[in-house]
Every structure is written in C-alpha cells, then in structure tokens.
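Going in written order, the chains are labelled A, B and C, and every chain counts its residues from 1.
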C-alpha cells in the first residue's frame, strides 16, 4: 500500500497579523521515513506543521503534496492523504473511545453516506494497532494521559492516511509513555510505510527515533539530514544558543546531546 | 506481539466495535421514537382539553375538515394553530440552541444566553412601544433586527479566525446593552403598551394563528434540513478547530453556515412567539443526556424543544393559578437545571 | 564565566522600584481634580437652567423658589452617584481579583440580578419600603447569586475561566429575570414601581436613603480595602498564595463578602447598574498597574467620577427629559467590554 507521496515546501512564508514566522522556507519530507522537526521555542515549528496541513495559508511560496499545492486541494481530499494530530486536541465531554476514533473516518464519508463495514474495520484496526481495544467503551475523560494520547493517535490512524503529521505527540507524558508513543509510531512506519512528520521538544529522542532531522532557526531551515550527520555541538549552539557536547548514544549509536551550562566547563 | 499482527484488525476487535455502535444506535432510535409519541400525545391533548372539552372523535372530524358545531371554531381556528406554532417554534428553538452549543463547545452557550435573541427583543419593544405597531410589521422588524445583531456580533468577534470564545463573550456584552435599552423603552411606555411588550418579551403563544405559524413552519422545513446536513461537520468541530481541519472540515465555512441557518430559525421563531426563555438553552443538554454525549443532538434537541413548549404552554394556560405566558414557565424551568448542574458537580467532586 | 549576585539589591534597583509611587500619586491627584470638576458640573447642570449666583446661594442654604429647590435635589443626587459609583468600582476590582477574572462585574456575573430578584420578591410579598430593608435583602440576594454563579462557573475542566463565569452569570441572570417576570406580570399594582427601579438610576435620591445604606457601604469598603494585600497574593494563583503564607480560603471569603456588601447596598440604593464595576478597574490598571493597594482606592475615585459623569451626561443628552444612569453606563460600558474581549488572546479566555 506504500505509494510514495512527496511533501515539500517552496519559499514558504507564513505569519500571523504583523509578525512573520516563516521566512522563505524550503524543505522536502523524505517519503516513507520518520522526520522530526526541532528548534527553540517560538521558532515556527508548529506554524510549519500547521501550514503543511493547510491550516494556515501561506503569504508567499507554497506547500506541495505530490506536486499539487495543498491550499488549492479540497479539504476532504487532502484529509484522505494527510492526517494531522494537533498539540493539545480537545475531546468533547462524555465521548467514548470508540466514537472518538470513529471521528477519524470523517474524510471518508459523504454528507449522506451511512456508516459502512469498512469504517468499522478501520476503527477496529486503529484500536488494535494502538493497543486500546480494551478501552473502546470507556469515556475519554476517564483515561490517563498516556492512554489518551494513544487514543488520539488511533483516531489519526483510523483516518488511514499515508502521511501523518504530529505536533509534539509526547508533551505531558512521562518518559516511559514518551518512548511507548514513539515506538508505536515507528511500528506504523515500518509496517505500513506511513510517512511520519513530528515536532519534538526533546532533541535526544528526536535523534534516536527520526530518520531525518530538520532543525529550524529564525523561520528557516538551519540544517536537515540524517541525525548522525547534522547533529553536533555547532548546530545546538546555532539553533538553541546552548553550549553542549555531542557524544554517541551508547544504546543506539545515534548522537546524544549533553548541555554544559554555566557551572561546568565543556 | 509482532508488528504486522497489530496493524490488521482481529475479528474480536471488530465484533466489539460493531456491537458497541449498534447498541448506541438502537438506543438513539428508541428515544427518538419515544419523543415523537410524547409530542403527538401532548398535541392531541391540547386540542381536546380547554375551557370546553372535545372528544377524540370531534377533534378528528375537525382535522379531516368536517364541520362540527363549536369545535370547528375552537379547535380548528384557536387550538390547532396554537399547537402547531408551539411545536414548530419549539423545534426551531431547540435545534438552533443545540447547534450553537455544539458549535461553541459549551452547554451554556445557547443563543438566548449570548444575546442573539436580544436584537429581536429590543427591536420588537421599539416597534410596539415607540412606533405603535402590531402584528406582521413587528415580526418583520424582529427578524431583520435579529439577523443584524447576530451579524454584528459575528463581525465583532472575528479577529484572525477563531470565533468561538469571543463570540460568546461579545454576545453577552451586546445582550447586556440591549437589555438596558429594552428596559428603558418599556419604562417610557404607557402602561397598556408596556404590558403588551412585556408579554411579547416573555414569549407567548397568545394570539397564535395561521398567519404567524406559517412562516415558522416554512423556515423549519427549509433551514432544519440544512442544519441536519451540516451535523457531521458540526460534530467534528467539537474536537477543536485544528483537529477538525485535519479531518478535512472547512471550519470557518461550516461555522458561518451553521450560524446563518441557526440564527434564521431563531429569528423566525422569535418573531412569531417572542423569545421563549430557555428552550434553546435546555433542549440540547437534555437531548445529549438522553441519546449520549457523542451522538449528533440536533434532531432530538428539536423534538425536546417542541415537547417543552407545548407542555409548558398547556401548563401556563390551565395548570397554574394565573394565566402565564409560556416563556415564564420555561424560564422558571431553567432554575432546576442550574441547580442540577451544581448538585451533580458536588456529587462527582467537580469534574463532569 | 559570569556570576550573578543573589540576595543583595543595588541602589539603582531600589530607586527604580520607588519611582512609580510618585507617578501614582500624581495620577491620584489628577483623578481627584477631575472628580471635583464633575461634581461641580453635576450640581450646576440639570433640566432646569439655574444661573451661577443662584446655585451658590442655594448651596449656602439661601436662595428661593424653584431654582433653589432644583439645586437642592441635585446635591443628594450627586452624593448618591458618587457613593454608588465608588462602591461599584471597588466591588468590581475586588471581584476581578478574587476570581482572577478580567470580565468580572456585578452586572455580568448576575449578582445585581440576584439582588434585584430578592428586592422584587420582597416588594411583592412583604411590601418592603425602607432602604435598610432593601439593603439587607439585596445583600442576601447578591450573596446567594454570587455563590451560585461561582459554583456553576467552576464546573468542568479548567475551573472558573472568564468564559465560563460570564456564561454562568448570563444564565443565572436569565433565570432570575424569568422569576421577576413571573412575580410582576400578574401584579399590576407593583408593575411600574419595579420597572422604574430595575433600570437603575440616582434621580430619586433622598438623604434618608443615603444614611440608611451608609453603614453597609462602610463595612463593605473596609473589608475590601483590608483585603488588598491578600488579593495581591491571590493574583499569583492559590498554590503560590498559600506558599507565600496567605490563608487562601479566608482571604477569598473576606474579600468576596466585602464586594458583595458593596454591590448589594449599591443596588439597593440605585437599582442594578451594570458595567461600572467592569470598566473602572481596567481603566485604573492602565494608570497604576496591578497592585491592589493602589488599585482599590483608585477604583473608588474613578468609579465615583464615572457614575457622576454618566448621570450628568444622561441629563444633557435627553434634555428636557433625563436618561437614567443605568442606561448610560450600559450603552457606554458595553463597547468597552467588547474592546477588552477583542484585545485578549483567545487562550486567556
């Protein structure tokens, strides 16, 4: 089922009111791989994700999906290829897990079409993939943070898109749940060939899980490439303004960044 | 568990998902049916019971167009239009209220609370008291003013997208201002006209006839289906704008369409009956408690609105001492609902 | 490697902290001057033209005829406007502090309407007449509705957000309005009394009304001013306030009681007047910042000035008739409310 979809931005400029956040940014998302976007606070990571999924209209330049501008693609058609999980999604009060995951079928349904067997199958598969079948009849309100995040990812899976964009999928999770979510996304990528693009706060987890790392600074791409090639002390200094040393991760061999701070010498 | 196993659904999971969905759909159908039966029953009772009692045979005869001594006038010309207006106006209030609450993601954010109906109210008071009008011109002015005020609130709350929260608060501000203006107009009115305007403002079915019921019926048959067709997109908006947009919903367009359709329904119903308090506010939450919070509530809310108005009108006419307009009865019903909210929060320790 | 000194302040830093005090005192003097001008205008302007010498004579107790009578009704009216305005201004500032809610206002939160319902019920059932009775009943009604609104507003996720409090206030107001209609509609005898009282005005001011509500206002004001320091701690959030040694629940109840007494007594004296309690603290915060020890006295002065000015405005625009001050404040205040909402970021709501 892997059709290699290409997603790229060309001289993309995006802003809110009088503030320009992205300034003529160019990037290419490698199809079928996991891409992590990193950068300091307020450097435009979320803005980039939102404009790649058509939520924000560009001031100049464009975002191209398979060579077609996403802002001229009908919303539902786009939503069948590209899914988005925003940073802190809100569940309506009193909704059950199965129903929330079922909302992911929205782009596959017309105004008058009824719920079909394939919709049920997609929901069941998404619940299974995220290990949340047992939660199906529970209220989303009752779930723990980690369970809730799995359910949201299940909703994005039920959408059955070949591209999945996630804005900080690990925020508010403790470290074991962070790893669980990232392992799950890796499973998806390996089994289905789903292209995954995520904004991550934790530079070391990004380096561990991503095939491709994009570092943003000042509304433009500062560096992009395999983590082992782009992540070094110079990049951390330039992007985060932080002195650090980068060593090889003893577990995976990927780069591991250690901050230095004012009270030690590097 | 290997990776590939986890991607294709097993039969167990599928069966579980299907069973859960069937159970909820069956419940929903049963409740819709039950509400329909109750409305028909209330409708028949209001046709039969009044100062004079008419048996089912006489009522049926009148409905089929036969001439019955006395009943043709009382049932056909007085009670029937009143009952029809109660049902269609109640359905219009209930449906538009639920649409607002869903769109704004807040069970308290119904159009009567956030000032959408106050435009019609202030304009009608002005037309009755200052211009000395009555009947159809008052309705026309109320409809136009209702739409204009809703549009003004919408435009004021538009700033870089994201209308929801601001819309609620600006609506409350506008409502407070219009409320003061309405009170002022009333205070300057001669007693008789003030009484007339107050009855209208409280929401009343007195003087219902086919001329006042027909426009609401037309509005409901045109705008009701529009809202029902938008229901799925509207429901996706409850997940938040970003998630809804990610699912392919055009958020801004959906909101605007829902707003226009819901305000249209409200304006027509308000013009015919005055703002019947709290029907729009109560119908949605009652409906979602009955059919489950995660199901679309527009249709059940419309049924509940209709039931509320027809029962409250009957109560106001015959079951309490003084003859109260229907809006006073439904307004007072708001109190137990607010109390219920408080009591429930105490029991569950503050979380819903 | 630079080191940052911890625990000592340089002289320059101390000087910087002292400077705003002078600015604040300057603004305070300016507000008092503006207040004096408005008071003069309030005594001088009315539906009847009275020449200046006659005004001076009337104030001195002399003068005669209709001129003197007109001026002599303007004096208690002005005093009532000042007192009610000050009470509403302080009450609004305290409510905004206690609920940490920039949109709190006795009108928006439905507390005025609670007081109104209590008074209307009192008029209809036991025939209340004196201002003291009005005040007791109004304060009780205001207190009950404050508790109801705050409870409903803090339901659900995220506690008492400005949005939920405002909605709870609007819903409660609507319920209370229905009750008032239900009480008044069958009673033609009290209809016009209630209707004119409901709008909110200071036109019918009498000295005896003022003296009867005065004790309530004084106690409310003392409670409020005494809570200023506690409100500063509460502004940081309950947990942090407790960490700073504040007894959070006690502080909140004391301050809320002060605010409720002020707005209940003001409502008893002048009817429900909306938006003064909302607008005044926002205006004052622009002038003096967020320190409640400055904010509360400022709100009193500016509130008094605003209400008196609105009253004068109502006498000018509708000449020879008068526009009740409650209408003027609603028409002037609502746009300010909308402007505040529009300026805020959505997340803060």
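Some observations on this one:
Just so we're on the same page, a residue touches a chain if its C-beta (ideal position, glycine included) is under 8 Å from a C-beta of that chain, and two chains touch if they have at least 3 such contacts.
Computed from a predicted model, the values in this text were never measured in an experiment.
Taking the mean of each chain's C-alpha atoms as its centre, the chain lying closest to the overall protein C-alpha centroid is B. The greatest centre-to-centre distance from chain B, using averaged C-alpha positions, is reached by A.
Centre-to-centre separation of chain B and chain C, using mean CA positions: 35 Å.
Centre-to-centre separation of chain A and chain C, using mean CA positions: 50 Å. In whole angstrom, the spacing between the mean C-alpha positions of chain A and chain B is 41.
Shared interface positions of chain B, i.e. residues touching 2 or more other chains, are given as 351-352. Residue positions 156-157 of chain C each touch two or more of the other chains.
Among all residues of chain A, those that touch two or more other chains are 93.
Those residues of chain C whose C-beta lies close enough to touch chain B in the complex are 103, 107-108, 148, 151-152, 154-157, 162-164, 166-172, 174-175, 177-179, 181-182, 185-186, 188, 191-192, 195-196, 198-199, 274-275, 323-324, 326-327, 330-331, 333-334, 337-338, 341-342, 346, 349. By the touch rule above, chain B contacts chain C in their complex via residues 106, 108-109, 112-114, 156-157, 159, 162, 165-166, 168-170, 172-177, 179-181, 183-184, 186-187, 191, 194-195, 198-199, 202, 277-278, 281, 322, 324-325, 327-328, 330-332, 334-335, 338, 341-342, 345, 350-352. On the side of chain A, the complex with chain B involves touching residues 16-17, 50, 53-55, 74-80, 83-87, 89-96, 98-100, 102-104, 106-107, 109, 111-112, 115, 120-121, 123-125, 127-129, 131, 133, 136-137, 141, 156, 159, 165, 187-188, 190-192. Residues of chain B touching chain A in their complex: 3-4, 6-10, 12-14, 16-18, 20-21, 24, 105, 160, 229, 232, 235-236, 238-240, 242-243, 245-250, 288, 292-294, 351-352.
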